[in-house]
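Below are two complexes that have chain A in common, paired first with chain B and then with chain C.
Presenting the complex of A and B:
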């Protein structure tokens, strides 16, 4: 390449045109290389994203093994199905309480850890440990914790209440799922909050200290406003993840989300119809409905993310 | 002045104890799991009142798990699947991240947007066609459906791009003057410099793969091909609340590898979670 350059220079007038041509060639040559770098990812997107999405859309308009076209019938069936709406209700119920408990609690614990002089890393590890384990293992442990003779009932009795058969009543079963999900997710909330707390400039606190603001006032007027953005992001991330909840509810409630379908989630509905009943069309329609729900919240999330962090 | 630091120390001490209490509460399910798994009589009845020191200490439940041996088969399955998933997702993310960081080519913005868009698509929307596709290829009950899809790693691409963006452009220019092409530059200069981000991506991918449940549940039903979470799930649902001791021993064994990885690499893991969470995934 450098040889070509030295040959081109003495040609005077032609020089400019040749240089331009050469630059063009130089730019074009690596272009192909860049596409090769992207090849594995693009291949993956085509095969495991675009094709399945298109196929899922097509299936959502068909019925039966012969895949005959039925228009919007599957969508209507899903939206008219009481089972579907009950699964939506369960999903939202568990998710709303999971977020309402885990986000404030995680935020407070993160603030406490942030105020420690030493040992903050120790606590990060301690609180994050449940989150690295699979939800299946966590739920297996909770199945035993929720046993009528388990530790949770022991606490219930210590507080002077009657023993509960947790997984036999819809309300207590859902709360069992909520406790499990809060416990499993709390570490994540703490880590994200800590990362944001540490990103707040210490100048603010120094200035406030000089002005004589108390620790609580500093928390109220400096920490809290600076955390609104990331708390909102956590809410949206948790919401999107919550809409997709399956494993925890499936582990506690099985395929039908027992008791009385109170642990049947939207993904559980898709799974049961698709792989239990082989109703691919109906399940695909339900998954597209879920997809649009999630898309809407992801859109909100990108707006919020731009706003802060 | 002295009293102020004294007061600060006291608050700090109280804070530490408070957090320690909360931390023990957080770990309680695991501590109790281990305690029950070490209790000789726990398969007859759940130990009541709950205790953390077993009354009849014994490795009996672990012995049963070891003698059964199925857990180790599932360990091997999970290990192979995780290893190849990690290799595939990390290498594809490094390659694509490099192209998006340094490349100039037609459609770059559009392709990057396409990559980002994949993060917004829930897996459930692709579940049934993915199953049919692998079914048509005769790959149900094999490791392939659990490995191949790892090739798309949108979050990894974003993280690699940002990592490479911070490296000086001079690295590339001098190599280019020496006549190196993009592949040489990538493999000789950028890939060797990508250690920290590679570690981060590898951990995220390992965790994803080792803990994955819904997709394995769909594509694996052969006992011999099960992954660790699948085995644990079927074991606990088949036995209900009987065999609590053995179930807890199995659960403890199932989380052991990821807990060990976590304790050794916690610095990287916590950083990677903070990074990935802040990207709004």
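Presenting the complex of A and C:
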């Protein structure tokens, strides 16, 4: 009653306003404190992320040492460049096969490890080791593996095929890069799959067993549907990483992605034009084009896989 | 979604980013280009500040490569080499009241790092193998006024070493001196005398032609008559195939093109001699190990187990490998393919020192440049940094330590016959365009004529885009 009264009088309204203001200030105080703590990070983001992005965008509209404004010319040059589209083709080629091989293979190996009663930790470590290795070190080892007289050719010959000069021909060089990337990424795929496999409740399997479902049916109707989330994440992450591919191709094919640019990737294109020839404007434009490629691919992938982000 | 405070914060961040971005623009171009756009006359005027008083103060010297301040031991040879503190101590002794500080960096991304340092004035003296691009931006100081002031004798350097680093500033009409050489480099042909003996062939002449090399390489490809192992006549560095093609082309009387700045440059990649050189290079490939295009198959060259007779392109550092494996007598060097009329052959290489336009102590920096051409400095480089440097002064020819190495005679001769200045087309995309098409020809994807035509068209289009 008294409350209703105070609302009716001007003084009561004023009191309420002051009260609300006070409450608001009290609520705001801890928030402000948090922003104060966040300030160094925000400054770091501004200086080391937003500023370089803005500067790169500005550079993408300029040309030459005097940074003269050329509008969209750099973007047009990149999109008209045959070398750029060849680097896109190489990047997609290596990435598609990397994903097609590594994700199913990793899933199968993860299932096998998950069913092991003993020694699963050993296999987890064994398969994860390549992923811990730096890609540069791994590629250096692969230079020896892919040597004309190297171990891979030994196996090829044991299987009755003629030996390949892996890094001297465009097709075999690309497959050399695919083998390296699958080897390096496989451990990560296995670990993610294993984590998901272990999270599937054993109740489902017990119930299925009671109902008389075979092992394969359990795998098909219980395991697979429960794995969709992890496989989707791996698919999206794999695409993003694949489109950003550089170090492995650079180590195997050098700056130009030899032989005959077969290992020239989109990031390799950016690196060569930016640092090999001081074409910072063009390299920045190519970087933004790559960014939009990744954005578009990720969007399509999330839609296709119905992934929730 | 966002409360007002968040929006304000984001707004402030974006505004500060734009301000920073704008500052960056001005900072970058002003520092670099403003200085550039000063007319040559003004540059000379600024150099009128060159004084005759003994300079004092602090000098920052940037060095690129495998340098260290303190002594260090080579893991292969076990030899301890003295650090660059030796140079610091000597310079400070010669120039009292000065202090030298080194900024040491590796070869990775040295161009970008050097450019950033120059724009921010982080040092006074810079090692600039990529001098042309930096001079074009006006980031380096012209040296002619200093040379004139001191009547500095450029004749003490090996022939062509000073000319090789000449470059064009934004307002220069002719090539000018912006750097003085301090690291010498070249490529030479190296061959295994033991394999020549096994096959009963005469060694290569001091200045062989491509025909002589091919003829001998053809004879030495196959089963070694003495050891029975597979021998190959030739090898080369796959990534440098285009440089070898250009070397052959120039020995046949051709040229890469002409001009120095992109706007004046004309390429000659599809000339008759270039196509001929490309065909000869395909011939070379017949006598090389499989995998040579990928840099594989020649790992044993310069070792006891070698099975390749001739390497078309070896850096002078090979003398260190020979010393490590005690194979000094087994391998010999020959000059790169030379144009018989001009007496020239091979791409200019090495490193010069230059003074940053943003340096605050240019007089002292100039003293360092002179110091780098002194016998003390060059002898230090030869004795302690041999893996990454050859002497650039004529006096080195008389040093007993040079004379006792049989291959040094050829290396120093080679350094004096390099085409100068550095091939300007290699500073940008034409270099990669030529390399790509040379590789395509060697992989039989294109014929020599098609490959060179494609290189010419793509290179010319790129140059037109630079106008």
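Things to note:
Heads up, the rule we're going with is that the second predicted complex is superposed on the first by the 264 of 309 C-alpha atoms of A that agree within 3 Å, B and C clash if a C-alpha of one lies under 4 Å from a C-alpha of the other, contacts with A are read in each partner's own complex, and residues count from 1 in each chain.
The rule is short, and it goes like this: a residue touches a chain if its C-beta (ideal position, glycine included) is under 8 Å from a C-beta of that chain, and two chains touch if they have at least 3 such contacts.
Everything quoted here is computed from the prediction, not taken from an experiment.
Superposition of the two structures on chain A shows chain C clashing with chain B.
With both structures placed on the common chain, the touch criterion links A:186 to chain B but leaves chain C unconnected.
For chain A, the partner that touches more of its residues is B, with chain B and chain C as the two candidates. Look at A:142: by the touch rule set out above, it reaches chain B but stays clear of chain C. Of the two partner chains, chain C is the only one touched by A:173; chain B is not. Touch criterion met: A:51 reaches chain B and chain C at once. When the two complexes are overlaid on their common chain A, residue A:72 makes contact with neither chain B nor chain C. After overlaying the two complexes on the shared chain, residue contacts for A:35 are found with chain B and with chain C alike.
After overlaying the two complexes on the shared chain, residue contacts for A:125 are found with chain B alone; chain C is out of touch. In the superposition on chain A, A:275 contacts both chain B and chain C. When the shared chain is aligned, no partner comes close enough to touch A:296: not chain B, not chain C. When both complexes are aligned on chain A, the segment of chain C among 9-17, 45-53, 81-89 or 99-107 whose C-alpha atoms clash with chain B is 99-107.
Looking at chain A, you'll find residues 31, 35, 42, 45, 47, 51, 55, 143, 147, 254, 275 touch chain B in one structure and chain C in the other. Interface of chain B with chain A (complex): residues 12, 15-16, 18-19, 22-23, 26-30, 32-33, 36, 45-46, 48-50, 88, 91-93, 95-96, 98-99, 103-106, 108, 111, 114-115, 118-133, 148-149, 151-153, 157, 177, 179, 181-183, 186, 207, 210-211, 213-214, 217-218, 228-229, 232-233, 236-237, 241, 244, 247-248, 250-251, 254-255, 258-259, 261-263, 266-267, 269-270, 273-274, 277-278, 280-281. Partner chain A is touched in their complex by these residues of chain C: 5, 9, 13-14, 16-18, 20-21, 24-25, 28-29, 32-33, 36, 109, 111-112, 133, 136-137, 238-239, 289-294, 296-297, 427-429, 431-432, 435-436, 439-440, 443, 445, 465-466. Partner chain B is touched in their complex by these residues of chain A: 1-2, 27, 30-31, 33-45, 47-49, 51-53, 55-56, 59, 109, 112-113, 115-117, 119, 121, 123-138, 140-145, 147, 149-151, 154, 183, 186-188, 191-192, 194-196, 230, 233-234, 236-237, 243-244, 246-247, 251, 254, 267, 270-271, 274-275, 280, 283-284, 287-288, 290-291, 294-295, 298, 301-302, 305, 309.
Every residue of chain A that touches chain C in the complex is listed here, in rising order: 28, 31-32, 35, 42, 45-47, 50-51, 54-55, 58, 64-67, 77, 83, 143, 147-148, 165-170, 173, 254-256, 258-261, 272-273, 275-279.
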